[in-house]
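Here it is, the structure in full.
Just so it is clear, A, B, C and D label the chains in written order, and each chain counts residues from 1 on its own.
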Amino acid sequence: MSATFGNCLKVTIFGESHSTAIGIIVDGLPAGMEIDEGKIAQAMKRRAPNASVASTKRKEPDVPEVLSGYFKGKATGTPLAAVIRNKDMRSQDYERTMEFMRPGHADYTGFIKYHGANDYRGGGHFSGRLTAPLVFAGSIARQLLERENIHVAARIQSIADIIDEGPYPFERISNAESKAFAAVDPEITARMQDRIREAHREGDSVGGTIECAINGFPAGLGNPFFDSVESRLSHIMFSIPAIKGIEFGKGFELTRMRGSEANDIPILKDGRVLFQTNHNGGIGGGITNGMPVIFRVAVRPTPSIAKEQKTVNIETMQEASLRIHGRHDSCIVPRAVEVVKCAAALVAADLWLEVHNG
Amino acid sequence: MSATFGNCLKVTIFGESHSTAIGIIVDGLPAGMEIDEGKIAQAMKRRAPNASVASTKRKEPDVPEVLSGYFKGKATGTPLAAVIRNKDMRSQDYERTMEFMRPGHADYTGFIKYHGANDYRGGGHFSGRLTAPLVFAGSIARQLLERENIHVAARIQSIADIIDEGPYPFERISNAESKAFAAVDPEITARMQDRIREAHREGDSVGGTIECAINGFPAGLGNPFFDSVESRLSHIMFSIPAIKGIEFGKGFELTRMRGSEANDIPILKDGRVLFQTNHNGGIGGGITNGMPVIFRVAVRPTPSIAKEQKTVNIETMQEASLRIHGRHDSCIVPRAVEVVKCAAALVAADLWLEVHNG
Amino acid sequence: MSATFGNCLKVTIFGESHSTAIGIIVDGLPAGMEIDEGKIAQAMKRRAPNASVASTKRKEPDVPEVLSGYFKGKATGTPLAAVIRNKDMRSQDYERTMEFMRPGHADYTGFIKYHGANDYRGGGHFSGRLTAPLVFAGSIARQLLERENIHVAARIQSIADIIDEGPYPFERISNAESKAFAAVDPEITARMQDRIREAHREGDSVGGTIECAINGFPAGLGNPFFDSVESRLSHIMFSIPAIKGIEFGKGFELTRMRGSEANDIPILKDGRVLFQTNHNGGIGGGITNGMPVIFRVAVRPTPSIAKEQKTVNIETMQEASLRIHGRHDSCIVPRAVEVVKCAAALVAADLWLEVHNG
Amino acid sequence: MSATFGNCLKVTIFGESHSTAIGIIVDGLPAGMEIDEGKIAQAMKRRAPNASVASTKRKEPDVPEVLSGYFKGKATGTPLAAVIRNKDMRSQDYERTMEFMRPGHADYTGFIKYHGANDYRGGGHFSGRLTAPLVFAGSIARQLLERENIHVAARIQSIADIIDEGPYPFERISNAESKAFAAVDPEITARMQDRIREAHREGDSVGGTIECAINGFPAGLGNPFFDSVESRLSHIMFSIPAIKGIEFGKGFELTRMRGSEANDIPILKDGRVLFQTNHNGGIGGGITNGMPVIFRVAVRPTPSIAKEQKTVNIETMQEASLRIHGRHDSCIVPRAVEVVKCAAALVAADLWLEVHNG
């Protein structure tokens, strides 16, 4: 099963793209924690589709209605539930998907797993729309972390072949949040957006990478082995549709370094242990070392493209071809930035609560 | 907490490098499943240090003693426990590590998390030695899978900058298992081993990448969101010390493809749905699609090197320098191949049992 | 934490007595399972307050709105979420409870645990109203079981000192479901109802016991030790407010029997193993033995009574006295019958799915 | 599955009566916690068979060997594993049990669940012997609690029809620990022991009840609904073989009280909230209220009796009769006292750590 995640801060997710509503239960928030609804609204907006760069025209006002666990502006400590009604659905756009397995989507795997009983409209439970409740919950988690001076930031690192390697100091990554397109360098941003427009013009799509950083974590969070910080962060990242890779610190590049280079050397600064470099992304033995936690995820290109594609008709069991209509992003990376940040915040808050409960 | 992992097939791990013993409990094996102890012994041997390419000289006979859950050559269905006694320990080699935080090791994070009460000898619970029980359990999981004609294989894909991109058919990857150095191409193998020897001569170490494939999985295993196949595989992979990255299918390369190229097109073959390509590594929406599950992990260079390194003395809180004696691998990638395979088998068996229980 | 329960069939509950809504997520229903909404409505109605025997006058139409996981009359296999809006709330009735800890309620423990941030209105998350979503989920679980010819039934066994020992054959217990007051014997029923009316007249309340039976379970469900059938059933029973005791089979009476009497003797009937008696309630070593699973729970008297009671004012930290107004049941046993049945069905379906998944 | 239990303090159990060893992994102990091995030995001894009152003559020295997680007299914070070797086994005594299902034992349910692959010797995994590792782990949990001034005590409340209702102050229950037969009143003790001897003489067995109290718990531990204190305590209690009932506070007697009597009235004492009575066993809404947590469990008579019993031969599927040889207790209640205490301590420590972690 798949709907619940977390140790001390548990989330349970539900909904389909065209069901009555989607939503999430957040269990384990500290009682009495103030929640700023304005910040939630901003996070929801950053994830919402916008027309700037070839994004879906489906309107998702996505105003979550809090049903429980919230009283007089504060978390009660009991489960906080929120739902987002599905509106502006054009299910007829998706009727053909019942039979025609859209390439790159979960139509086929969902059909097989659920023996054809799955709600296929708009990808059903597999829809990227399910990331909206994740953002809702994660934006609360971010508020929890900010009270402890722990901050989560993310930036678009690449779109297709246009890469902004960085590195950037945390503040500059963090500042990217205020932009509709959360990349740091304006000139590279323009080239990234060109790539998206090119793909859009050709009825195609592109992917990219997102770099995420957690700043302010104390040393000592996380666990060896099965609950390592990397295990938990990667677990939730691969829950986000379209994520196909993750690396911590220098990641795959570490495999081309010598040990003498890859090892982060402990130093003393103002009586505290820090590290000369942060090649291992702030994590040693699965546990935070006090340096920023840094990781990078790979976002594959949006599977929904306007070009005609070959496929299979699962009813007649014949090969067929398919042209996807409807409203789609030519690149979901810009919207995925908020999802990655919020999912990381859920894990970060969980790690924090594990040693600061009560 | 960190010691237990799995849904239907649960493992619980324990031990330290220099404790009396290390071990594992395997809970959820099908009652009556025959276990071939010879196959376990072979797997243990493949993970064990060997002298061929600059590997540690510590002898780890590593013969697991099965304590329970095993009767008349078969799994009883109740928890199967196995312990491996720690022998040939030279704790004095590690006495200095109490104070001196070895760079790249979990000495510092372990010290902080456990408030100095951790068993620091040889890295304690963080030792790569803990992967021996994982191999024990995983080799049983592989036997379970093989009965269902599901096979797990892995190969060394790169050492430092020497890369054997492949792709190779499953059989060739699988055949690498019989070699002491599990790479496919003999010529590239020689160059990889050169890199390891070079590093060894210089008192340094190198890393690499391992490609792993699961063949024979039916479509429909796994779950959307928090229990996706990628989430579960990455979760256990990042439990293995030294793993710092993972990608499924084409992984990070997908971010440089167009959607029209990245989408795997469903086709019909002998009345079954297959896919023209396998860029997404056999997984769609977190669920297997019937193609081989393929992923690649990044193994960082061994942190223990013979070169002198700077560090911090945690008792005196002064900077210091450190030269690590003792017995270490200049490259753990060759041994890690078996660990990756066995860890993958644990998840694969768990996914299988999730829909074939009872 | 407390909001999620179950292994293969997981429920997550949320809500407060006076929050916007209460609800439940049911994760793990078999894809394609038909759901009869009429049966859910009947179960909700049996739990709902009714005026027949001194029950609360609060109207709880309690029509759950299914938000997800349900498509074309069938479970999709993905999380099924349902909410029940809170209406007809008279929060002003409960305003005084902010300060005055109502004896027998969770006002004080909730205040302490949640540092005063809990929603105190009507008992908040501790309200018996939260059993409505449990009944919703459990009535779906009952439908799942009925397809396998497994049936759950319960009867009022005692109210105060009026006891109908039984035993009754399963059919007679099952038939009690059609009555507003689910006791078997009409004459004893009248005396039980008298006890409730007496208490009501005196502004007081009474409790009782409920006997529950699960019929049709095959032998072999459940587990030794921590997932024994008794462990799981008792776990969920003590989640129901007001339950303070449980016994399986002859329960406490077994402690006064000799072993030769308490042992259920295996016999053969039509080539199958059955047992001569069922003193152990259909469970041996935590696993079903093919006989009906039988248990009995103790329901304490409703804590809300009209009589004046002493208490403490938690704001002023002074002793005080309190008279509870509002609408309350003088005995919740009649309504609790449905809750017990549905909670038992959740565990029973979970046990079943554990060996019949996929 | 069944082998792992707990939230913050997790135990994983393994072993069979006649396997090489039995044991337990304890995960989540606070790093640096000192462990008094002498106290563990005493607890093990209190659970061990002794000849005083018709107990089994099987010698179980039961000296646990700690394999990991323990360094320099302290818990390291990583999993602490302990094994107890099985010695003095007379497997031949049990050979007949392969075919003949011993009444009252789990022979039949184990045979069905594990398709005949279970280790049937001495009851295998279902053996009461598995409570030895529970006592090991629980006695460490008790030490953890004692540092916080939380104490667990238990007494034999009844043997067969001989009942010592009590109530007794906590100190007198606690003092019973020093006796071989942990009852409070010497005169009633003598009569209880007579009942055991009578049963023994007749080749039969008797059961009884055990009262357990946890003293010193602060208010606010535990959770509403699925993780209520009652849910968690009952869960582990029903994991102990032979437990068939549990009640908290006045338990079943509450069902015969009026609400005005059953409600515990909050009072002020030295500026703290206490309660006039403790009918609800120190728990309200699933959460501790600062009064002692009190519960009572029913222990059925030992199923192994010397009398001839009817049964079924599962191989030939014919009815048969059986006389059990070997070494058995005529009453396990005296030894079960320690098990109940230690199991309660595991839950109590888990509840404590839930709000005092880090």
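Keep this in mind: a contact is a pair of C-beta atoms (placed from the backbone, for glycine too) under 8 Å apart; a residue touches a chain by one contact, two chains touch by 3 or more.
Small disclaimer: the values here were computed from a predicted structure and weren't measured.
Engineer: Compare the contact pairs of C-D with those of each option in A-D, B-C or A-B, and report the one where over half match by residue number.
Structural biologist: From the options A-D, B-C or A-B, the copy of C-D is A-B.
Engineer: If every chain is reduced to the average of its C-alpha atoms, which one ends up farthest from chain D?
Structural biologist: That would be chain A.
Engineer: Between chain B and chain C, what is the gap in Å from one C-alpha centre to the other?
Structural biologist: Averaging C-alpha atoms per chain gives centres 46 Å apart.
Engineer: Determine the centre-to-centre distance between chain A and chain D, using the mean Cα coordinates as centres, and give it in whole Å.
Structural biologist: Each chain reduced to its C-alpha mean, chain A and chain D end up 46 Å apart.
Engineer: Please tell me the distance, in whole Å, between the geometric centres of chain A and chain C computed from their C-alpha atoms.
Structural biologist: Distance between chain centres: 39 Å.
Engineer: Scan chain C for residues touching two or more other chains and write them down.
Structural biologist: Residues 1-4, 13, 78, 113, 125, 224 of chain C each touch two or more of the other chains.
Engineer: Per the contact definition, I'd like the list of chain D residues that touch chain C in the complex.
Structural biologist: So the residues of chain D in touch with chain C come to 1-5, 7, 13, 101, 103-106, 108-110, 112-113, 125-126, 130, 158, 160-161, 199, 204-209, 219-228, 230-232, 234-239, 241, 243-252, 254-268, 271, 273, 276, 280-281, 283-290, 298-305, 307, 309-312, 314, 317-319.
Engineer: Touching residues of chain D toward chain B in the complex: what are they?
Structural biologist: Within the complex, chain D touches chain B at residues 1-4, 8, 10, 12-16, 19-23, 25, 27-28, 31-32, 65-71, 74-81, 83, 113-119, 124-125.
Engineer: Using the touch rule from the top, collect the residues of chain B that touch chain C in their complex.
Structural biologist: That would be residues 78, 224, 354-358 of chain B.
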